[in-house]
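Shared between the two complexes below is chain A, which pairs with chain B and chain C, respectively.
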Partner chain A sequence: MTIGGIPLAGFLTAMLAAGLVAAAPLVLAALGEAVGERSGLLNLGIEGMMLSGAFFGFTAAYLTGSAVWGVLAGIAAGSLLGTLFAVLTVSLRVDQVLVGLAITIFGAGLTAFLYRDVFGGQNPSLSLDTSRIAIPGLSQIPIIGDAMFNQSLLFYIAFALVPVFAFVLARTRFGLQVRAVGAYPFAADAAGVNVTRIRYQAALIAGAMAGVAGAFLSVADLKIFQIGMTVGTGFIALALTMVGGWNPYRILLAAILFGLLRSLGNGLQIIGVNVRTEFITMLPYIGIMVALALLAGKTSLPAALGVPYARGRR
Partner chain B sequence: MTRALSPSRFAPLLTSLAAIAAALVLGGIFLALRGKDPLAAYGVLVSRGLGTSYGITETLIRMAPLLIVSAGLLVSLRSGVWNIGIDGQLLVGALLAGVAGAAIAGQVPNPVMWLIAALAGMAGGLLWALVPGILRVRWGLNEIITTLMMNYVALNVTSWLVKGPVKDPDVVPPQTRLISREMRLPDVAGTGVHVGLLVGLVVVVLVTILFRHTVIGFMLDVVGRNRQAAIHAGMPVNRLTLVALLASGAMAGLAGANDILGVKGLFQGNWNPGYGFAAFALVYLARLNSLWLIPFAYFLSFLVIGGEMMARPLGIPTYFVEMLEGLMLLCFAVAAWVERMRSPYARAEEVETGPANAGEPPGPLISEPLLEPVARVAGGPS
Partner chain C sequence: MAQALGQPNSPVVEMRDITKRFGPVLANDRVSLDLWPGEIHAVLGENGAGKTTLMNVLAGMYQPDSGTIRIAGEPVRLDSPAAALRRGIGAVYQHFTLVPNLSILENVALGAEGGFVLDLAPAEAKVASMLADFGLDVSPRTEIRHLALGQRQRVEIIKVLLRGGRVLLLDEPTSVLTPGEVQSLLDLLRRLRDQGVAVVLITHKLGEALAVSDRVTILRAGRNAGDLGPDVMSGADRESVRARIIAQMFGSSPAAETDDSSMDHLPSVIPTPPRVIPTKEESRRPSRRRPEEPRFLADARHDRGAPAAARDEPTSETLLSLRNISTLGDRGAPALHDLSLDLLRGEVFGIAGVDGNGQKELGEVIAGQRPVTSGRVLLEGADITNRGVAAATRLGIGYVTDDRLHEGSVAESSVADNVALKSIGRKPFSNGFWLNRRAMEQQARRLIAEFDVKTPGPHTPIGMLSGGNIQKLLLARELALEPKVLVCNKPTTGLDLRTTQFVIRSLREQANAGNVVVLIASELDELIEISDRIGVMYSGQLVAVMPRAEADPETLGHLMLGGARRPRKASA
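Showing the complex of A and B:
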């Protein structure tokens, strides 16, 4: 059986693979954002951090010829901006939305400026040896095998981090402290938790994960950088964090559904269903709003989300 | 401390000026690190942006949409509503204005056409703000995410419309029918600046009157400063929130119409001026004071126009100005903290309980719990 001239099995594999590859950077960014929001930090700078991760990751990989250095540079860029976010919102207690937007604007301007300045008018692409890693046995499973178990290393890491984050948030001392700081910082402080330190660590994790997610886009997936290439992916990750109720497994589910929604649109086009590209690209954004509306009131927010903490102040 | 106890009403302005100065210095250091001469760059910026009539004319033309957009954003921020969907609202407004204007151009007197196109633009922006507005007041969904998402929906919807249903069939590129130059907004006598600038100034004055002299403006301010107090005072908080968001969307749409009627004459598929981020910088630098928007709008559009003119001779990408806007906001964050630390409330605030906004300028600089509407739905709507 064929579909649009492609064997059905191959078509399904391609769709699934595209959906999962679209989900991976969202999972990475949203996991970091979940830790940040659990600690009470709403990071609207995530878009700028992702773009910075994408640009610096791309540039480092381009200059060194190594994907590993690219990813590390992406992490470093995200971490730096995450630290900046923490300094301004935790220590200086400036409004988180203002600081987040400022970082997003700054990141967009900085990466666009540097891309033009460093690469001139050229749009180079990476010629990296990021060979796919086929997992023996599993990658032979029909249809899903090639999509799920024949991917880049960073792809596996993204999904492997889900249980790690779930464990850390739910079962470790650090996770408990993060949740306490986000739910009731005054009690956490009284119990001896260093609110400032925990929030700095959470912001650092959120920034680093956004940086990796950006590097995934430019280094592992597309192998190019484009000005403004994230087109709201960071904001989508932020929304998915809320849709997933700050639970890593539910975030994973939401991200995969979201990725499949995106690849479904492309799939429809390939098989010749006459849908305009614009409708397909806007589906995910509408999907997010619908999901949030359906879930409204069913999830409980970290109580201190968005509220700066000052010892002794109410 | 005595000096600080009676702060000048211009003290907040100093904070903004310090932030701008710091951002320019940081930007200059950045240029120097990239092997460019910052003094030459800023020199060109000033000499071309302020020293040439072309620079001044272009700056004033660019000021008009910035004024309208930021006046709208100011209304929403003063009311504690985060309208981050300015760009989408502007696009939809511009498209509708372009379609409506071209449809009736030449068949009705020009002023009537302008009025109808402007109303169409406002309707478009309002419509685009209505979705997040309803989601907020009916389902308690925070408007930050929804207005952001609506931006991307707007990009796609306008791109589709302009390629299909409303495309000018006589030309190849995706664009609406052209409103010919003689039917566009006339220039202010003796200048090359179209009258949209006057519209922008009128909008700013109207917003000033709204907040200084009307009951609804007062209520919006109360909602923005302390939502709980507004609820306890029996104000229709949900309706006020919706009004603020819709007004701000309508103004974004009007700014879109302004660019179509005054500058472009048509809506193009790939056009996305991205005034929204500039408006954020603008409103904060103006300390949420509507009249101060005017000088800061001039300054920001001077930067944009000067940045465009600086690009070619010095090889500095125009994105430098966008980076500066981000830097200004970041520096503003630091400067606002310094200002708070110097204020007489600061010390007291550290030890005893006080209002969350004590010592703060009006508006949501230090916010109440951001997503509280969602949380409140869980425990019953207000």
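Showing the complex of A and C:
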């Protein structure tokens, strides 16, 4: 059986693979965002951090010829912006929304400028060995095997980080402190937790994860950089964090659903279903809005989300 | 757990010449305080005297501008709560510091040192045995939000003790407790004292301080104003000790203003005869409102110290009626069940009840804040059922919530803004579009003066005031609206003796002017003192309504716990 001239099995594999590859950077960014928000930091700079991660990751990989350096550069760029976010919002107590939006705008401007400056109008692509790693055995499973178990290393790491983050948030001292700081910083402070330190660490994690998510796009997935290439992926990750209720497993689920809806849209176009493309591309976003609407009032935001803490202020 | 800090014959904590300034306010001015192991040390003083500030300095929340702190003889710098905890000093704040969506166990473990991975198992056994020891029948895995206030307070204390706390600081711990809970808390504090813990008890209830403390420190306007040692405290003559404390708290103020023992809400400690609030005769009072020039409390102030006079009988005219009201509580469970009540012009209607029996919901229904599921609310005969808060306010119904800090005020906004908040769209504060800042400021200044609110000025953010001063101001705001019906939920919580008396008098005035005051309170003496009629709520119903003459703490207490009405008394 074939669809639009493509064998059905192959079509499904391609769709699943595309969906998961689209989900991976969302998972990375949303996991970091979840830690940030759990600590009380709403990071609207996530889009700018991803874009910076994508650009610096790409550039480092291009210059060194190594994907590893690329990913590390992406992490470094994100971490730097995450730290900037913490300095402004935690130490100086500037409004988180303002700082976040400023970082997003800054990231877009900076990467656009530097990209033109460094690559002078060319649009090079990476010729790296980020070859896929096929997991013996598992990758042989029909349809899903090739989609799930024949991917890049960073792809596996993204999904492997889900249980790690779940464990850290639920079962470690750091996770407990993050949750307390986001729910009731005064209580955490009175109990002897260093609220400032925890929020800095959380911001660093959020930034690093956004950076690596950006590097995933440019280094592991597309192997090119384009100005503004994240096209709102960061904000999608932000929405998924809320849809997932700050729970890594639910975030994973939401990200995969989103990724699959997106690849389904592409699939429908490929096989030439007679629907307007605009509608098809809207599909995953409508899905997010429906999910957010359905969950409205059912999720409980971290109580101190967006609220700066100052000891002795009442 | 022997003396971890210092010997019993030397102080664990020596605070010397502690000075703490907030902008123009000298909250602590060269204050000294010694704490000894195995003592209960009461810190007393009027609202804004600097008690909480001093405690915050010792707990590492505030850094003093000058002064020294020694712990077990060694000079220390307590630059964070963590540092204070490491030295064995733990605090229970007025607003509890437990994270509501974490378990008891997690709250106890929070901030404690240890490995990266949380291993709660060893602590669990300890916490469980502490909980049992403290009379709490809950699992350590229970989330804090499921606990009652009294239970949370015990968890706070356990938290401090398990961190090795040898100095326990408590800021007005009894203000959130029912009379029964107060007694058991005091017993618990005595036990901790006997184990060598130094307990600091900040309170406005003199009876409590007299009943448990070995030593008393009195603050006034940020300074040490008196010290009473164990020799005095264990002395026979309670009354003279009380008089001495009051004199030191309020300085040279005439005894007439402060002698009132009715603020003492522990009848078992000092028996207090019910008193009639002195008021002037009704005729002096303008009976109708003059909105353009709020009468407010100018009259009330003149009445201070006026001779006692018989209170006017409530005119038998119904102002507000509740007809077969049922409603749901916050969690969706029925809170009021088929409740009917007529409130008469000129009366103070007191509502007694153990917290959580529907008093709060009843207040909110009257205020239009909580919709009823069935029944009707009539104001002067007109149906105002479920018309909402804005309508109720417009019609002259005022409400003072017991959660004044969260529901009642905007902490970052100035005193003037908060005062005008409820009537901000109306004259004189606004012509409907522009705000009249001058009028707002004038009104704020007026209330600050009338209520003797301690604040640097009308532009200070309200969150900077002391707990009691915020309470005063928000109550003043409601009274200034001159509502026909005023519902007050525990209006005197956290107020000092003098202010409590002033508030009670103001409420009486309000009723004497032909209005209705509904007073929800857990302090029975206060309730009996001021109310014309008293209703007892139990399980969402008014189980009894009686005139003041028939009410006494025993009868009310019995009914509050669901007891049957004693046969000897029958009233309409």
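Definition applied: the second predicted complex is superposed on the first by the 314 of 314 C-alpha atoms of A that agree within 3 Å, B and C clash if a C-alpha of one lies under 4 Å from a C-alpha of the other, contacts with A are read in each partner's own complex, and residues count from 1 in each chain.
Convention: a residue touches a chain if its C-beta (ideal position, glycine included) is under 8 Å from a C-beta of that chain, and two chains touch if they have at least 3 such contacts.
Predicted, not measured: the structure shown is a model, and the values here were computed from it.
Q: Quick check on the superposed pair: does A:Arg262 touch chain B, chain C, both, or neither? Answer first, second, both or neither.
A: Neither partner.
Q: Identify the partner contact of A:Val193: answer first if only chain B is touched, second if only chain C is, both if each is, neither if none is.
A: Second partner only.
Q: Quick check on the superposed pair: does A:Arg38 touch chain B, chain C, both, or neither? Answer first, second, both or neither.
A: Neither partner.
Q: Would you check which partner chain A:Lys223 touches, where first means chain B only, second means chain C only, and both and neither mean what they say?
A: In the superposition, A:Lys223 touches no partner, neither chain B nor chain C.
Q: Between chain B and chain C, point out the one touching more chain A residues.
A: B
Q: Counting only touches as set out at the top, which of chain B and chain C does A:Phe174 meet: first, second, both, neither?
A: Once the two structures are laid over each other on A, A:Phe174 reaches chain C alone.
Q: Going by the contact definition given at the top, which residues of chain A touch chain B in one complex and chain C in the other?
A: Dual-contact residues (chain A): 300, 303, 312-314.
Q: Could you list, by residue number, the parts of chain A that touch chain B in their complex?
A: Counting only chain A, the residues touching chain B are 42, 44, 48, 84, 88, 92-99, 101-110, 112-114, 116-117, 227, 231-232, 235, 238-239, 242, 276, 278-279, 281-282, 285-286, 288-289, 292-293, 296-301, 303-308, 310, 312-314.
Q: Can you name the residues of chain B that touch chain A in the complex?
A: 34, 82, 84, 131, 135, 139-141, 144-146, 148-153, 155-157, 159-160, 163-164, 277, 280-281, 284, 316-317, 319-327, 329-330, 332-334, 336-337, 349-354, 356, 364-371, 374-375, 377-378
Q: Considering the complex alone, what residue numbers of chain C touch chain A?
A: 56, 59, 61-62, 80-82, 85-86, 91, 93, 95-102, 106-107, 109-112, 114-118, 159, 163, 411, 463-464
Q: In the complex, go through chain A and note every residue touching chain C.
A: Where chain A meets chain C, its residues are 171-177, 179-180, 183-184, 186-194, 300, 303, 311-314.
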